[in-house]
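Please find the structures below.
Here chain A shows up in two complexes: once beside chain B, once beside chain C.
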Partner chain A sequence: MEPLVDFLQNTLDGIALGASYALLALGFTLIFGVLRRANLSYGPAIMLGLYVATWAHLHFAHGLAVLFLIALASTVLAGAYVERLCFAPHRGGSAVAAMVASFALWMQLEEIATLALPRHLYEFPALYDGPALSLGPLAVRPEALVMLAAAITVAAALWAILHRTRFGTAVRALIDAPRAAALCGIHAGAVSIQVFALASAIGAIAGFLIVASHAQVTPMLGMWSTLKGMLAMMLGGLGSLPGAVIGGLALGLIEAHSQWYLGPQFRDFVAYLLLFALLALRPPWMSTRSAS
Partner chain B sequence: MLSVRDLVTAYGKIEALRGVSLDVAQGSITCLLGPNGAGKTTLMMTLAGILKPRRGRVEFSGRRLDGVAPHRIVASGIALVPENRLVFPNMTVLENLHAGAYQRRGGIEHDIERLFGRFPRLKERAAQPAGTLSGGEQQMLAVARALMSRPSLLLMDEPSLGLAPLVVEEIFKIIAELHRDGATIFLVEQNAHMALKVAQHFYLMEQGRITFSGDPGSLAEDEVIRRAYLGTAR
Partner chain C sequence: MDEYTIGVLTNVGLLAFLALSAYVLLVAGELSFGQQAFFGVGAYAAGVGTAMLALPLPLAAALAMGLGAGAAALVGLPTLRLRGLYFAMATLAAAEMFRIGFELFRWQVEVGGERVGPDGTQGFRGIRWVFEHGVEPAQFLLMVWALLGAVLGVLVFVERSRLGVAVRAGGQDPELAAAVGLDVLRIKLGAIVAAGALAALGGALFAHHNTYIEPRNFDIMLGVHSLAYALIGGLGTVLGPLLGVALDIGLLEGGRFLKEYRMIVFGGLVAVLLMFRPRGVLDERAVHRLTRWR
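Presenting the complex of A and B:
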């Protein structure tokens, strides 16, 4: 019985962790799918948004709902700033130039956050600070359920936006065939900044729930969010939104299980090893859909 | 209606268009012939705003359009059916049509119904991803998608490319029907036999320049063109 309980508990923890990765990956993938550009400043924009919320919390703001709205608004602004500075000037130009520019902004955003709040760690109001719920022999943290519910809700809302709105038609057309989209009169520049705003909003939801679950925030949130979002996207097949959710959940499960069975030092190692194997073997689902 | 003067478009140092001048009259079907690599697709891409010309003018209904962004060119009433169709493969036929109507607000459903009347095969496949359609069906979808923007000038880049003869005939039947309904069409075509049946004016492009301009009669009389494009000697 014991090994089975361990396995189920790890699976449960992995799904909860994977739900946060899935959210991060949805935002990252949205930008990558539309622009074919890796936005390294994706995580740092989220980090900056959460730092603004933390700063507001230290000075005047109270209540999780207020802090969430502050984090959301400032992440979206930071995301739009990244788009205008790094991606708008390089549209149709060099992908590497845009990526390097987004790396430079990563440094800038991190500097801004750490200049304003120089300590390495700040407390953040906890989403929930009671005991875990017990499900027979298994323990479930309520904030994990919130994370899972948020991931499902965001994925469903994103699906509806992409499939039921004029904006969604433009986004999917740009993902499918950018040149044909231009010929249909879809203005990539106008859609791009909206995509950044939407992706940043999703990232802010993810970042807020992660920070509030841990009841703390550090500058590492930026790099961590970019890495987990990118890794989950790659595991899910580069640029597909359902793949981002699957990749996020897979990454969570891999981390939870390898941490338990192999030890915490193997937690990231196994995920990267798997990514390496996937990149080397290139299974059929692991390919960018043709851009033309 | 469309007037092109001394248009030069280059890829780096290589000039693909080396001073192209031509006119498309309102209500006409004008056809551009020419060998592979002559610059026909470059011209279409430049007219649609995808490529920026280095020099020259494009005027459409009195407005300068050279160097203007593609979405503004669509807004001014020009739509291009691109070479190789370029449908949105992962979107349904219906969604492809909606993408074509991106800049419009009203009357979209009505136009879709009308186009389904003209292209009954697309109606049958409305909910299918466009990537699963046959080549001929994709070509019809590309034409229908371009028509969704209600263009006053339709540009078509080799609509018969890679299609079976029967399908090509169907495409040209549609081109003739569109023309009868008042459309102005500027067509790139290698299939001169088919083009001769519908077009009123021909241009020949070779190595980035216009080397012939005339009506179907003078085209058929030109010995060089006869051999190269109609495959018949006198």
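Presenting the complex of A and C:
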């Protein structure tokens, strides 16, 4: 009975963790799907947004809703800035140059954030600070439920935007056939910056929920968000939105279980090993699109 | 030269090895997020060699290069057919596994009444060969740059040979290169292994310069930095990566008047630079124009 309870508890924790990864991966995948470019500054833009919100919280702003709006606005601004400087100039050009440029801006955004708030840890208003809900022998944090609900809502909203609006049609046209889309009068530059804004907004939702769940922000947030978003996207098969959700949940489950059964140091190891094996063996669902 | 300048120049030399290893792969058409792993393998291997097995540094460095090349082959063989972001992510995953491996690596022996050796996350201290053999910082600097010079010489020689042309051809258009009869995969594997050995040599020297290494030294940040160095400097000549490192370290040290705004300025500068020169300052065209003047 005990092992079963452990297993179920780990699965629950993994899904909770995976929901945050899924959210991060949705934003990352949206950019990758449209531009075929990895945006390394994705996480640092989220971090900057959350740092601005934390700064505002320390100085004048109160209430989670206000802080969320501040984080959302500043992340979107940072994302648009990254698009203009790193991706717009390299459209149709070098993917490597765009990626390295986004790395350069990573350094820049992180520096701006840590200059404003230099300490290693800042408190952030908690999403919820009561006890966990108990489900028989299992414990569930309410924040985890909020995270999961947010992931599902965002995924559904994103699907609706992509399939039910003019903007979404333009985005899908660009994904499927960039040249044909351009010939039909779709302005790739305009769609690209809108996609960045949308992806940054999703990133801001993810970052805000993660930070508010932990009730703290640290300078690791930037690198962590980029890495987890990218990893979840790759696990899910690169560039498909349902894949991002599945990849995120899978990553969360893998981490929760390997941490419990193999020890904390294997938490990341197993995820990397699985990713490496998946890439090397290339099961059919991972090779639907070329990424070069 | 004062001690400070020597330290800066040594660091430029050490990082240049890593940047060159990223450069070799970029020229071969691949993007690696994982060269820091082989840098780390080299550092640990050479450290074990001199501090625990009492090998002389040259032998330990040779051992490090061999292990670095072997580790690179281990990563390269299963990922040979991957391209673009797939290859980059596979190397990243492998490098992170290596880093976690360093965290788990515990092996200590008694040397002179002291326990020496890698101690997991606590790192590996007491790699004192340079100090114990009375090598002055200036002499070590000379050693690093002499080796770097030798490596650059070999790379220049290779670039001018048919092999160099083949590597570039495979990097720019693998299908076309294969169509004219080049064994693209074998060339790529060769580049991966050579890049691994190069990074390991840099790591071996790094360990002996620092006397202390820890798994955290070899995280993804180091790898992406080396990639950025290679690209900023330029993909047209082997001197490009050197220029990239010098630009960053130069700004880091020379730009102290900018103090904390350094990364903000540098990050913006790199992004703007890449807008105009997506293959770096010394790209193929610039190199062609410069060499035409002879």
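Methods note: the second predicted complex is superposed on the first by the 288 of 292 C-alpha atoms of A that agree within 3 Å, B and C clash if a C-alpha of one lies under 4 Å from a C-alpha of the other, contacts with A are read in each partner's own complex, and residues count from 1 in each chain.
Just so it is clear, a residue touches a chain if its C-beta (ideal position, glycine included) is under 8 Å from a C-beta of that chain, and two chains touch if they have at least 3 such contacts.
Since the model is a prediction, treat every value here as computed from it, not as a measurement.
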Which of the two, chain B or chain C, is in touch with more residues of chain A?
-> C
Could you say whether A:L262 touches chain B, chain C, both of them, or neither, answering first, second, both or neither?
-> neither
Answer with first, second, both or neither: which of chain B and chain C does A:G185 touch in the superposed model?
-> first
Figure out whether A:L133 sits in contact with chain B (first) or chain C (second), or with both, or with neither.
-> neither
Is A:I152 touching the first partner chain B, the second partner chain C, both, or neither of them?
-> neither
Pick one for A:A116: touches chain B only (first), chain C only (second), both, or neither.
-> neither
So, does A:L275 touch the first partner chain B, the second partner chain C, both, or neither?
-> second
Does chain B (first) or chain C (second) touch A:R172, or do both, or does neither?
-> first
Residues of chain A contacting chain B in one complex and chain C in the other | 292
For the complex, which residues does chain A have touching chain B?
-> 166, 169-170, 172-173, 175-177, 179-187, 289, 292
Can you list the residues on chain C that touch chain A in the complex?
-> 26, 31, 78-79, 81-86, 88-90, 93-94, 96-97, 100, 103-104, 220-221, 224, 227-228, 231-232, 260-264, 266-272, 274-275, 278-279
Sort out for me which residues of chain B touch chain A in the complex.
-> 48-50, 69-71, 74-75, 79-80, 82, 86-91, 95, 98-100, 102-103, 145-146, 149
In the complex of these two chains, what residues of chain A are touching chain C?
-> 32, 38, 40, 85-86, 89-90, 93-101, 103-112, 115, 223, 227, 230-231, 234, 238, 265-266, 268-269, 272-273, 275-276, 279-280, 282, 290-292
